[in-house]
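Input: structures, listed below.
In what follows, chain A forms one complex with chain B and a second complex with chain C.
Right after this comes the complex of A and B.
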């Protein structure tokens, strides 16, 4: 038996050094691009932070608690916008969470045959595909004229509640909140539905076997078991609502002061402030807007990371 | 057993439910409520589509697609430059984001699967997809507009590229991961390198699904307004270079819908119709393609 390798046989052909380094170069190249994509988040934060630096040095944390936004005096504070961002997002969650979870239950359980259920699932997803600016134009010409009489009625009958203390002037926080609710509804519905579908069939069968009705099973077994997914979906929806720009800018009225706590009054959000002022801004105003963008970035970052943690920490372990 | 026997239903141990018991009534009420919620959610979809169709059709003519926007207060004209600008910015975005997104996905799916590095990249990509599009616009403004000194199609393209990147990475990685492992093992067994296996076996098998993801990302980017608002900005004229302010359809809808002129508002509705049609057709096509593949 020959001890030397037969190099003419294709079984024993050695790869050339070039081919081997090309191969490992390819693997490392893809890794480098993947790392670059991951680092993009940090690059965005650092760049926006750098441009915000003059405003951060001038106003410090006072930026967050001052509601004075005056381009003429060079005085900037974003409290009005932070307040508007939080209030519109809370209105949206208040409306969209019960409806979204209700839809998720209806479309995850066997209420309907799959042939009818699947198209409805798709239609609800389509709500998320409509561009924000289209919700905006629809809101201006269709929704606000419908909402306004209802807002006036709310003000006249429940005006003693601070939430409805001002007469609605067309656009306002309530209109922005309602459109936000429509826009985040598909996120809550889709993620909650995934969470409910992922609950093992054994749990349902065991509950039915013990004599529970369908809705006792849903409330006492499925919702607790799918809680992490639903909570994660709600958090993601909150992050989306806080950063949503166009529809809100077109419907909120863009008032840069807090006159009252009424949801019927006009207001602004951090995103709508950026949308309205960035194109014509100069000097310190650009820096102040970058500071506002950084605040919005931080708010959504916290919410999104919490969403990831909620999903990972509390996911159903079986 | 034939018809439910309500007399025996009350007996302990019976399997029949009494239709008037609180438990049954509660269940029925909740069922009705969940049906109501689902119908409620479909109202905005139908209403938006109906109004966009009703208001957009009146100006859906050749002039709308070929002419420049009318001066304030005048009728007629079109959004030809904005249509071209949308195609231009989206094309620039695609050229930037597709190579990066697909190559990163190759690492996540082929070489880094279940490694800590891939976990982190996945995590940051997920978080990136949650960054508000207006903040991405601010970033592109800082990087491109402030350094070049002008609003431009490139600035808009950079913003849209960042917006598209997470979608492309996620869908491409899923597409590559769904290629059966047998393919990889057979290829390596025949003596192919990892480079050959990836480029000649795994990638071609995943191309249709990757393209579906790219189509969805492009359609979504075309409808986005916030990232191009102060990067591509707006223009009443045709583009001669990619380094000048550029009109886009979505930005035109924003400007003209909030303008007090009926002629511009009509064009805004028609441009909305074009955007909605683009997104809906792409979504439905992508769904049909995916369904067929799963069969």
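Right after this comes the complex of A and C.
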């Protein structure tokens, strides 16, 4: 039996011109989309930078270390907001990382039958679907009244620690940090869980096979093996926390000075500053706001680069 | 618990199963298993795919306990201890019955930390460097890696990784080592190295090995159990032991027709 009925040489058996142009068209199409995303980012950065130029020329790097934000005097410095952005994000991470990783461990092990586990996984991810303005409203009317007695107690018993040096006045850095923690929790939990589930089953069996208990297996094998994914999720969450605007603006109190290092005091973040002042800003103030926006942009960029470095440095070869 | 398992280390029969039936839920995976495993011997489990060899192997270190639907009927004795008695801690069992898996699975840690992992769990107080060296020597890997103990275990070649896994199992000084097709992912040269290793290891340990490679079973083992599988009316495939004998007998004068056909390569 003949193996082939086509006796033409392989070079003559080409695909149709249409199929080939579809192929190369697809390559160019995806390349164009990818380049467009990069261009968009560059254009936004350039535009913001251009608008910020007058403020950059006037204040220079002093903008970053001055906490004076006076529209009347035309003096602007974003230290208060940079400080607020970093502190609220750190509070959020401090609370959300242990809980989020804990949830990830719980939901990646077989503690629960799948019928119960799946809905819980879904519910955790649903936390990310709540609009931030709803978090803000909830924070104002539910969380802050609940937190108030606790804040007063903290101030009265631990007031000698600078972190609790002021009496809570309703909204404040702590309330914003706490709500941010809830908002970034699903990111950390979902990404960490994916990272833990992705650890090869062989490693788990190897650890059990050597007589490791469940906890030893989790803490000595699964968490280290999933570390790069978990770190990536945490950094992503940090970026989200730093840029979060609505809920923070509603909860942080929007004070434009650093009175103390107390987390019970009121403050503001770069994002909340922008949200509060854009509507009635003019002249140099707009430029100063653009400068602040650029700083936020740079902060998130640094976090993302750090994330990349951490993930590469600690990525375990599986 | 520890002392009871350890004081039982004196007898000549390491494992004994009595009318063992292994289930996953309602599914009977292996039936009517009654075998004795002799101390300081190598016992090979051979048979076609899906006949439950690995399932049986994983009963001996209670690794099947990780599967929720798993349960057994009948008895498995480890020395004279009922392995599935309620007071037996599976973690303790696995510290005495080590395991090497089909796919080499070193931890994503340094070679040194791979070996030290088990002893550290046990709170080993002696000289860890010494133990790591000894274990690597027992696994015939010391000369390959002595200058790069800090390197990642996962960077070694497949055959070296598998010997690392053997060294890791040996480091906790187990009583028995279970091997689940340890050479199936290795090239022929690495396979021969592991087989040579088995002969040295049996001086100190009792070894149970699942293999698809009949030459390997005939070359390396003292006893061979031939497993076969049959489907019931619902299409569920249940494994059982056809013949369990000294390896020469299985390969040269099998009593059962099925064994004869399998070892001569006519099916499976």
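Keep in mind that, in the parts below, the second predicted complex is superposed on the first by the 276 of 318 C-alpha atoms of A that agree within 3 Å, B and C clash if a C-alpha of one lies under 4 Å from a C-alpha of the other, contacts with A are read in each partner's own complex, and residues count from 1 in each chain.
We take it that contacts are C-beta pairs under 8 Å (C-beta built on N, C-alpha and C of every residue); 3 or more make two chains touch, one makes a residue touch a chain.
Note that the structure is predicted; figures quoted are calculated from it, not measured.
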Which superposed partner A:142 touches (first chain B, second chain C, both, neither): first
Which superposed partner A:256 touches (first chain B, second chain C, both, neither): neither
Partner chain(s) touched by A:210 [first = chain B, second = chain C, both, neither]: second
Which of chain B and chain C A:268 touches, first, second, both or neither: neither
Which of chain B and chain C A:88 touches, first, second, both or neither: neither
Which superposed partner A:225 touches (first chain B, second chain C, both, neither): second
Which superposed partner A:304 touches (first chain B, second chain C, both, neither): first
Residues of chain A touched, compared between chain B and chain C (which is higher): B
Intersection of the chain A residues that touch chain B with those that touch chain C: 213, 216
Partner chain A, residues of chain B touching it in the complex: 17, 23-24, 26-27, 30-31, 33-35, 37-38, 40-42, 44-45, 47-48, 51-52, 55, 100-101, 103-104, 106-108, 110-112, 117-118, 120-121, 123-128, 130-139, 141-143, 146, 151, 162, 165, 169, 191, 193-195, 198, 219-220, 223-226, 229-230, 233, 250, 253-254, 257-258, 265, 268-269, 272, 275-276, 279-280, 283, 287
Chain B contact footprint on chain A (complex, rising order): 10, 15, 19-20, 22-23, 26-27, 29-31, 33-41, 44, 47-48, 50-51, 98-100, 102-103, 105-107, 111, 120, 122-127, 129-138, 140-142, 182, 185, 189, 213-216, 218, 236, 239-240, 242-246, 249-250, 271, 274-275, 278-279, 289-290, 293, 296-297, 300-301, 303-305, 307-308
Complex contact set, residues of chain A against chain C: 110, 200, 202-203, 205-213, 216, 220-221, 224-225, 316-318
Footprint of chain A on chain C - complex, ascending: 61, 63, 66, 68, 91-96, 98-99, 101, 103, 105-109, 117-118, 121-122, 152, 154-155, 165, 168-169, 172
